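Letters are used for the chains, namely A, B, C, D, E and F, taken in the order the chains are written, and counting of residues starts over at 1 for each.
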Amino acid sequence: MTEASAPIVRADGRAPDDLREVRIERGWSEHAEGSALISFGRTKVLCTASFTNGVPRWLAGKGKGWVTAEYAMLPRATNTRNDREAVKGRIGGRTHEISRLIGRSLRAVVDMKGLGENTIQIDCDVLQADGGTRTAAITGAYVAMADAIEWARGKKFIGQKATPLIDTVSAVSVGIIDGTPMLDLAYVEDVRAETDMNVVATGRGLFVEVQGTAEGAPFDRRELDALLDLALAGTASLTEIQQAVLAESLSRA
Amino acid sequence: MTEASAPIVRADGRAPDDLREVRIERGWSEHAEGSALISFGRTKVLCTASFTNGVPRWLAGKGKGWVTAEYAMLPRATNTRNDREAVKGRIGGRTHEISRLIGRSLRAVVDMKGLGENTIQIDCDVLQADGGTRTAAITGAYVAMADAIEWARGKKFIGQKATPLIDTVSAVSVGIIDGTPMLDLAYVEDVRAETDMNVVATGRGLFVEVQGTAEGAPFDRRELDALLDLALAGTASLTEIQQAVLAESLSRA
Amino acid sequence: MTEASAPIVRADGRAPDDLREVRIERGWSEHAEGSALISFGRTKVLCTASFTNGVPRWLAGKGKGWVTAEYAMLPRATNTRNDREAVKGRIGGRTHEISRLIGRSLRAVVDMKGLGENTIQIDCDVLQADGGTRTAAITGAYVAMADAIEWARGKKFIGQKATPLIDTVSAVSVGIIDGTPMLDLAYVEDVRAETDMNVVATGRGLFVEVQGTAEGAPFDRRELDALLDLALAGTASLTEIQQAVLAESLSRA
Amino acid sequence: MTEASAPIVRADGRAPDDLREVRIERGWSEHAEGSALISFGRTKVLCTASFTNGVPRWLAGKGKGWVTAEYAMLPRATNTRNDREAVKGRIGGRTHEISRLIGRSLRAVVDMKGLGENTIQIDCDVLQADGGTRTAAITGAYVAMADAIEWARGKKFIGQKATPLIDTVSAVSVGIIDGTPMLDLAYVEDVRAETDMNVVATGRGLFVEVQGTAEGAPFDRRELDALLDLALAGTASLTEIQQAVLAESLSRA
Amino acid sequence: MTEASAPIVRADGRAPDDLREVRIERGWSEHAEGSALISFGRTKVLCTASFTNGVPRWLAGKGKGWVTAEYAMLPRATNTRNDREAVKGRIGGRTHEISRLIGRSLRAVVDMKGLGENTIQIDCDVLQADGGTRTAAITGAYVAMADAIEWARGKKFIGQKATPLIDTVSAVSVGIIDGTPMLDLAYVEDVRAETDMNVVATGRGLFVEVQGTAEGAPFDRRELDALLDLALAGTASLTEIQQAVLAESLSRA
Amino acid sequence: MTEASAPIVRADGRAPDDLREVRIERGWSEHAEGSALISFGRTKVLCTASFTNGVPRWLAGKGKGWVTAEYAMLPRATNTRNDREAVKGRIGGRTHEISRLIGRSLRAVVDMKGLGENTIQIDCDVLQADGGTRTAAITGAYVAMADAIEWARGKKFIGQKATPLIDTVSAVSVGIIDGTPMLDLAYVEDVRAETDMNVVATGRGLFVEVQGTAEGAPFDRRELDALLDLALAGTASLTEIQQAVLAESLSRA
């Protein structure tokens, strides 16, 4: 890491440990039981949470609920256009991987017994991509899910005593660029990172997922520790933003 | 149709020949060469136009360009969630039909020789649906395409003398409900319409597409004429809105 | 359109408002409950109607029937061979579009309550194509469906009092070539047409579908009117041919 | 097999060693380079042969041609309707198996060097099925292929000295029913057969394919021999029919 | 065939009527109800038999069982790598054909009433291929199936009185190379064979399947007879090997 | 974690920090350029490395090589049978995820310039599964890849001076069960683990991938550290086993 010298400034003017500007438009969709249009800088993801009674067949009759997620990108969310997966007729590995990650991350903070035999289907569609789409998706999907659960409590579809939400969850990317650990990588930073890590953590500061990958050279234990510190600081900030947004009253369309 | 009696008022307060509020956010996408987020009331469609040099193989070497389009709906754009076509592994007939309609509509106003051997790929993704998604898509896609063409002229990818745009194009739905022809149907109206027609017309008032379908009872020539009158008035208004939006200067991100 | 001058004669010797020779071989298939091999000139379509008890799940329990259709082309129906959609593993947009059109057209003349909870599955397979395959398909499919309904009445699968057929239906293409509106376009005419329209109408002269497309330049209201006149004359002739064929007694294999 | 007793008569009145009535309408398709509508009793198969210059990439540059085949059944060719393979999105094992058999059978009688770098694509579409569709397909496809080769010789696409056809080929099914070997099984016989065999043989009486399957009990060598005798008599008759049809002059549309 | 002269020796030193070394590792899989890793020389196939209660829906309620099979090859089982069918998204014709052959062959020796409403799913995965993969698969699958049936009898899932196995079954390939009929072709022989035949026979010496194909020139009756003789000798040897292996006691993991 | 008390013994008798028995049969496949049948206890994975000249199109002309991997499981590798992905027509998310992990892990230890414009395709097929299939796959695939590279150096397909292998790579799973961190989880342990982590590390002890997932409750930093310690000890042992196996001379078939 850097010696005492000129401070490192990133292409967009941020310090290494700064998040990009985070905005969450709660209730963006007039149809979904919960929704949020989240932006991490220029990355914009529309997250919806669809609440339905009943669970998939393999889970029926156990008194438990289910949360699942699908992630996708609009074809021109990126700098050059990608073919639609529907047109190709198959879903790519990256899409599958991220959908599964989002689903696991959200399930980690839901008490499935408390949810009862109901399903929450999360959809995260990237409208514009500039790095960090999966972490923005998780962070926004939590807000959408929280609203869908409140909606269902209002409708008495789930128990009234306590919310099935046992914690909050958010996610952020970190990486090492030119030897410096940096928080919340934009796309131009992501492609340059030697090591790239996505960390999903709860509002209480516990890990849900840690996914670190050496893109260039393998990394050592000291670098791993620095990245984890940075990530937990980032998810702590995201938790505050989520809580502030959820504290406002939601006027449903 | 109705005699001199109380005026007909629609569920959302419109008169039979009123459009819903139309808004066009030009340049919504920071990546695409042209883009527009268009809303017809609660229907919201994100339209992007991707400009690329070269044409599909079957057209190569003829000195002509190509315009093609894909339409899709986010899973929770609608009141109840629809499965993703990428997950189902196949594109449905309705999606195919609308994609083809959008492509034909836009090609009708482009001089393919003037476009040169370049391709414009239109993507229309419905973020929220409340009837008229295909007509909003065509109307917004024209704006996105116009900006992509201006971008390409600025880059000198296409001839400088004249724009390859030979006219403007917009589209609107009309239908007969309880015997009254109505303009720009919202979803609750669409499901009740006896006859449903989508009309695509140019800024000069010529027809590009006329697609009328008897949903309930077949319709006669007089009803057809009334619907065509109403539709041409609607596309004339949409043309004005398109031209006003395109007259503003576009500050690209 | 044309001044007072030499009459316009088409490549195959027809006048602009002539149909091609139409032949209908009723009961061509020994297995189907209704069938017809129809030809519009060199275009030949085998239409079968399969009657089954029961309806799709989404319609069950409502006391109503269902009519649906699938259209396809043999690979060498055309001048150069097309790959089979089964081999490609997906159905093309054009096939989907025409299948849906045939289904809607036939449903327009069936009283679904009268049909009871039964399904008629129409299959239209183009054995040889020379333009107008979708209009020949609709016209032949009506005959096949009428026979399947009679078969079911004979078997007492549907109510005996009245046929669920509330009208007849046929279809024809029209187009403008070199400024002249022409009826029932053969393939060589179809590719030259500036405007191309398919009209589906009932025996009583009401419209079921009007699908007009500007292939070259957009068209004006006067041209649209001329095409509609021509089409209604064509469907009137087709109605007579259908009725004559159905008036004969059918010796089932 | 049967003792000296009353002769065995089949459901349709045939003797055990009778073929059904075989008809071949040569040149049925006006587009294909060669075609034949063949019927074995109520089984009807439309066979087309499409001739194209060039060969698949894996064969290019070797001075040899290629013959390949695809077989399919219309959905209502059978007594109850089968879903289309294009709709299911995949080709079934039976279809694959028969397509491959037809291709191999035809290739056995073509001198690929004599054919030059050209491809003949055979399509066999079953319009009506009553057992023996694969054997009718092979027998009809030979006629279509022979005409396509003559067409290509007329166009000088292949060498003028000698035809690349080195023999003729036809096929027939045989089976054992109630202990009696029978020729050319109709569908009702096919489902009752203990053993079912398809034999493809050349005009000179040599075997191209022998595919025998015990549907019920396994069969012994003596039964196998009886079936082979019967089959060779059947293909000898089919060869005569093919040669008679090909001896007529063909008036192409 | 050969006169009195030097004996014919094959590339791997075998005489024309020699099998390759056959090894069967029974119970190779610790999970499957029955399994065998079989090798015919360098060809290695892992065969598993999965026993489940219940039958496919179309067979339910008839008091009968079902046996079905799937065959596949690992991508690098062969000398050059083949793409995975899962990656291509479709199963090839050859795979389908062999899967169906294996299923039919095994069903021929099972009394389906004796099996009761249970299903045996056979999986044959080729780990290494050197010709004869389908015949090795059938021969090994019989052993796996026999063990699965014994397992089910032990569990009392099927009747205790008698085994539903009514015979044994094995398979071998034969072919004519340079005019000499040879048994159990290795890959280098298979590609050179003029005629190629796969014979499936029971332990009692009856035919279940005979599939002969002229790869080069068609074959005559005398050649066919010689191949059948050779094949029956081969399956007799394989039967002995199967019986010896099954006579040993199986220590399940 | 555990107090000073009786030592924890696992179901199979191992201590918490014991690997299962690891065996590597190098050169198992006679066709592949490199291969290894690896077992971690009852988990058995066949790994092959296919070396081909040339690279995918997107990489051509850059003087660099490529390493890619595919992972799959035989249908009865598991305790109950899974449907084949080829039959389902699509690859599942888990398969995609693991294939991508294997590819990234191996690429981390290859100097792509040193490999030249050549491709190594890794295939890992799980023959029997008992937990840890992905970590066994990576560990075995390294051995297969090392042999394929040596084969290519022997053939002079890649530069002679130095091997393009810049390090070795292996992988192991760790997890927390009843509060105790454990190494190399068997299936019964895996399903009980509260936290599950897969660690890929090089022979020098650097991280290539760290993937930790909270299956039950989220985990804290102290637990994460304990798991990382355990994993690095495990990969150090695996590195020794790999090196010992590779030090033996390989007699290729």
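A few comments on the model shown:
Here, a contact is a pair of C-beta atoms (placed from the backbone, for glycine too) under 8 Å apart; a residue touches a chain by one contact, two chains touch by 3 or more.
This one's a predicted model, so the numbers in the text were calculated from it and none came from an experiment.
Traced through touching neighbours, the fewest hops from subunit B to subunit F number 2. Common neighbours of subunit B and subunit D (chains touching each): C.
At the interface between subunit D and subunit E, over half of the residue numbers involved are used by both copies, so each side presents largely the same positions. Chain centres here are C-alpha means, and the one lying farthest from subunit C is F. For the pair subunit A and subunit B, the distance between mean C-alpha positions equals 33 Å. Look at where the CA atoms of subunit B average out and do the same for subunit C: the two points lie 29 Å apart.
Per-chain Cα centroids separate subunit B from subunit E by 60 Å. Chain centres here are Cα averages; for subunit D and subunit F they lie 52 Å apart. Residue positions of subunit C touching 2 or more other chains: 89-91. Listing the residues of subunit D that touch subunit C in their complex gives 29-32, 35, 42, 46, 48, 50, 52, 70, 72, 74-81, 84-91, 95, 121, 123, 125, 127-129, 253. Subunit B makes touch with subunit C in their complex at residues 90-94, 96-97, 99-100, 104, 108, 167, 197, 201-202, 204-214, 217-221, 224, 228.
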